[in-house]
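Labels A, B, C and D are assigned to the chains in the order they are written; within every chain, residues are numbered from 1.
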Amino acid sequence: MIYLDHNATTPLRPEALEAMLPWLGERWGNPSSPHRFGHDARVAVEGARERIAACVGCRPSEIVFCGTGTESDNLALRGSAHALRPKGRHLVTTAIEHHAVLHTCRALEAEGFRVTYLPVSAGGVVDLDALEASLGPETILVSVMHANNDTGVVQPVEEIAALTRERGVRLHVDAVQTAGKLARRPGDLGADLVTFSAHKLYGPKGVGALYVREGTPLTPVTTGGGHERGFRAGTENVAGIVGFAEAAARTFDGLEAESRRVSGLRDRLERQLLETVPRVSVNGAGSTRVPNTSSLSFQGIDGESIVLGLDLRGICASTGSACSTGEPEPSHVLLAMGLSRREAQGSIRLSLGRATRDEDVDVTVAALAETVQQLRRISSVR
Amino acid sequence: MIYLDHNATTPLRPEALEAMLPWLGERWGNPSSPHRFGHDARVAVEGARERIAACVGCRPSEIVFCGTGTESDNLALRGSAHALRPKGRHLVTTAIEHHAVLHTCRALEAEGFRVTYLPVSAGGVVDLDALEASLGPETILVSVMHANNDTGVVQPVEEIAALTRERGVRLHVDAVQTAGKLARRPGDLGADLVTFSAHKLYGPKGVGALYVREGTPLTPVTTGGGHERGFRAGTENVAGIVGFAEAAARTFDGLEAESRRVSGLRDRLERQLLETVPRVSVNGAGSTRVPNTSSLSFQGIDGESIVLGLDLRGICASTGSACSTGEPEPSHVLLAMGLSRREAQGSIRLSLGRATRDEDVDVTVAALAETVQQLRRISSVR
Amino acid sequence: MTNAPDEPKPAAGTPTGPVLFYTETLLEHFRNPRNVGELAEADTDGFGLVGDPSCGDQMKLWIAVRDGRIAKIAFQSFGCPGAIATSSMLTELAEGKPIEEARRITDDDVIEALGGIPENKKHCSLLGVQALQVALGDWEGRQAAKAARS
Amino acid sequence: MTNAPDEPKPAAGTPTGPVLFYTETLLEHFRNPRNVGELAEADTDGFGLVGDPSCGDQMKLWIAVRDGRIAKIAFQSFGCPGAIATSSMLTELAEGKPIEEARRITDDDVIEALGGIPENKKHCSLLGVQALQVALGDWEGRQAAKAARS
């Protein structure tokens, strides 16, 4: 199997599993229990927090562990909106955010908040002028992803941070698709809130984190026993948190070399593909992208069919963000970049990872060429 | 080590770990990915859902996986309150609920909901007359725990269900402390919403579940990619869910015999203790209790000191619910039962489990007698 | 600028189910679709073109009728695996059938022949049957026109 | 009936930290507290009784003074491990000390001597020092009374 769906999820690093096992075995204590056996687990959780803070570039007390990246996004958006409601009811985001952000904005609209969805360029980059123009006295939060999950296009979050800081508006950055891929330390982006998800950087599923800059107003979404300094109640997923830290530490370590390697492979893949297959385009090709992602549009055929064609040839690809609904909607990201419905429908995403090798690229290009040719033979559209 | 803190958390069953390992290893796919490798994970999640539904006594589509029991409680309360707001703004709960419920009620009060906190008897049982009297035309939800985590006292939820059903009010039951302990199938309680937590029944930390009876109005708390039928977005903790199902299936299987065994041990422990140690009382002793829990009040000494005394003798006990704050507050549950602050402060909880043996009981009683004697020698209070 | 992206809000509680429950038969038809292509102008007795505006899928279908039966059938399809496989299966079901029988082929017949199709893919399966109905209508029209001429 | 249970709402963002960071020294004093008990009426030159209303802890402390020094000291404590250990450590620090020096013992001295104490337990450590101050005040009072009588 050639796995080219790393933006959906990544394999757990064996070292991370190794680090988790004691906490799934003989060290099962509850970190909040008032005995040394529980304290042992507390020390593990706090140690993991320190390791992740070191990767991210922040203080340990600024890391809040959550159950998923989605939950972290929800905490950032709902938590800011509810904490800052007295100051204003206007939020700004982009049309290309992950559903964890977009659908949460919709939910906040239903609560009476106003949300601006900023357009992006044909290259998939958010329009900075539009962003600046959107900021008003009522604006309390801007939420912009660091890199898009479908296209890999990196957003100018540092520039945005400069704007929001100047205006006294809080900034949330969803860094799920850049953490462990870009050398820039997320804590240095200038954001007040940053989302991470363990399973996107070779950690386990079931753990996310939100960086909450000290002093950032935030109302908790999940209340109870006061865990995570009151920001996220619930017994800690000790093993998951320890695995997250182990994976993050290893993934951030040596990140630059690996990024270069993977972007080399991705460029090679795109080059070969453009040479081999007619009527294909690379979405966001002209923009800065994370090294591992390639969004491809094939004229006249359907993305799901291409993905199945690849699947039957032993290659895991995706039509875009892995949404659980199985809805036939084409990517809202590509539509926002100006692609037609049919162009968006003819798109797939290849996302490379640590295990990807030269041969995988060659095999994939050949398989794609075959699949595309076969589907075009069937297609009623030219 | 003798572990008598099973109400805080339980060891992961080795069979559950075994069942989890493939999903932490070579089968790491995202259940929402559109290829067979992802589908493999989807099948695992849906299979786990079926197994849990079978344990609980409901349809698979009525199980919503969450990250913790706390999150499930939050979804039940916030989700009901927000969905039913147009019908009314009054909620009813009890003074002895877990903080996951109580603090969420407080948060809802801050949003403009009115909450009635029902008193309990000296035996720790909610007052049914008070409950009936509290129900008004504005009441939208009643939330009562099945058994209390501090005392183990079982609440008359079936009677409550009869009342709420008659009045057309929704009922949430927090069954975290009864699932896997009481033979009654949670789905048969007559509730609309029931909370479960995997790590309390020998499953992994980081997974909970909410039973949502078909047709129950519920607004999601965490929005995004539409996972869990839209009730809880975020990439599924596949390994955790599989481990939860394995643990639940095994714990529900043979539950009656194990319950008898454990309640025998608990009764023996209390009998020996009352014979050996003067000035001790068992909280809720006259009420129906889950088989494994013993809440004990020792006059003239402090619970934390007793717990540390036991800890130094190799026994893990607790002062009560494992709250992460380390606050010196005595148990709100015991206070609600009419204990004085100092009586409540002198209390500990022993919660037995699968590994507990006769000898453990004997050793514990001896250690307790020693600790209590030593602390009373130091104490300035008689 | 407050242009909300064009996508549905997830209605809590709507059953979605697994994305990918393709049967072996469906996969086989996807891999080796039957009767792919077009019929020559001269061969064509009926033609149908239908599209599913909700998902952008499109299908073209040609039939040749001899002795009141569908003698030849061919299709082209732009769409998801479900659309391709159901189209292929439809042509197999229709080929050789008397017109009246072909007319009675339903979506459920196609789905059943494939051994089922994921719930969220069912709307794709409509195209094949629809296209056949359109093509049969076209054939009828041509027959009527011929009868009028002769 | 809308009687909210008597407990604090968790203020989001308040640092709480680990529950249980007891040092070895603290544990040793908890296990083997020094100077536990009471002094005989005849032996007692000063007595202090203090309580922490927020956590219910209580402490009694007796001193005997000879030649301007604390010759004997004894305590009883109802409270958490922190309360017991800090009380014990305080008596150790105070024993044999000249009155003026004993008066200058601070909470921080006790905490430092124990090698630290969990943040959320610090309020317990107040009791020992407070009780000593009260006992010293009592001693002074008795001295003054004696001087007035003689």
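The rule is simple: contacts are C-beta pairs under 8 Å (C-beta built on N, C-alpha and C of every residue); 3 or more make two chains touch, one makes a residue touch a chain.
Keep in mind it's a predicted model, so treat the numbers as computed, not measured.
The set of chains touching subunit A and also touching subunit D is given as B. The most distant chain from subunit B, with centres taken as the mean of CA atoms, is C. Centroids of subunit C and subunit D (each the mean of its C-alpha atoms) stand 86 Å apart. Subunit A and subunit B, compared by their mean Cα positions, are separated by 33 Å. Computed centre separation for the pair subunit B/subunit D is 38 angstrom, with centres defined by C-alpha atoms. A separation of 53 Å divides the Cα centre of subunit B from that of subunit C.
Each of the following residues of subunit A touches two or more other chains: 32-36, 38, 99, 103, 106, 220, 223, 225-226, 233, 304, 308, 324-327. Shown for subunit C are the residues that touch two or more other chains, namely 10, 16, 18-20. By the touch rule above, subunit B contacts subunit A in their complex via residues 1, 3, 5, 8-12, 17, 20, 24-26, 28-38, 66-71, 73-74, 98-101, 103-104, 106-107, 197, 199, 204-208, 220-228, 233-240, 304, 307-308, 310-311, 316-319, 321-325, 327. Those residues of subunit C lying in contact with subunit A across their complex are 1-10, 16-20, 22, 27, 30-31, 33, 36, 49, 54-60, 75-81, 83-84, 118, 120-121, 123-124.
The touching residues of subunit A, counted against subunit C in their complex, run 95-96, 99, 102-103, 106, 114-119, 130, 133-134, 300-302, 304-305, 308, 312, 324-330, 332, 335-336, 341-342, 345, 377-381.
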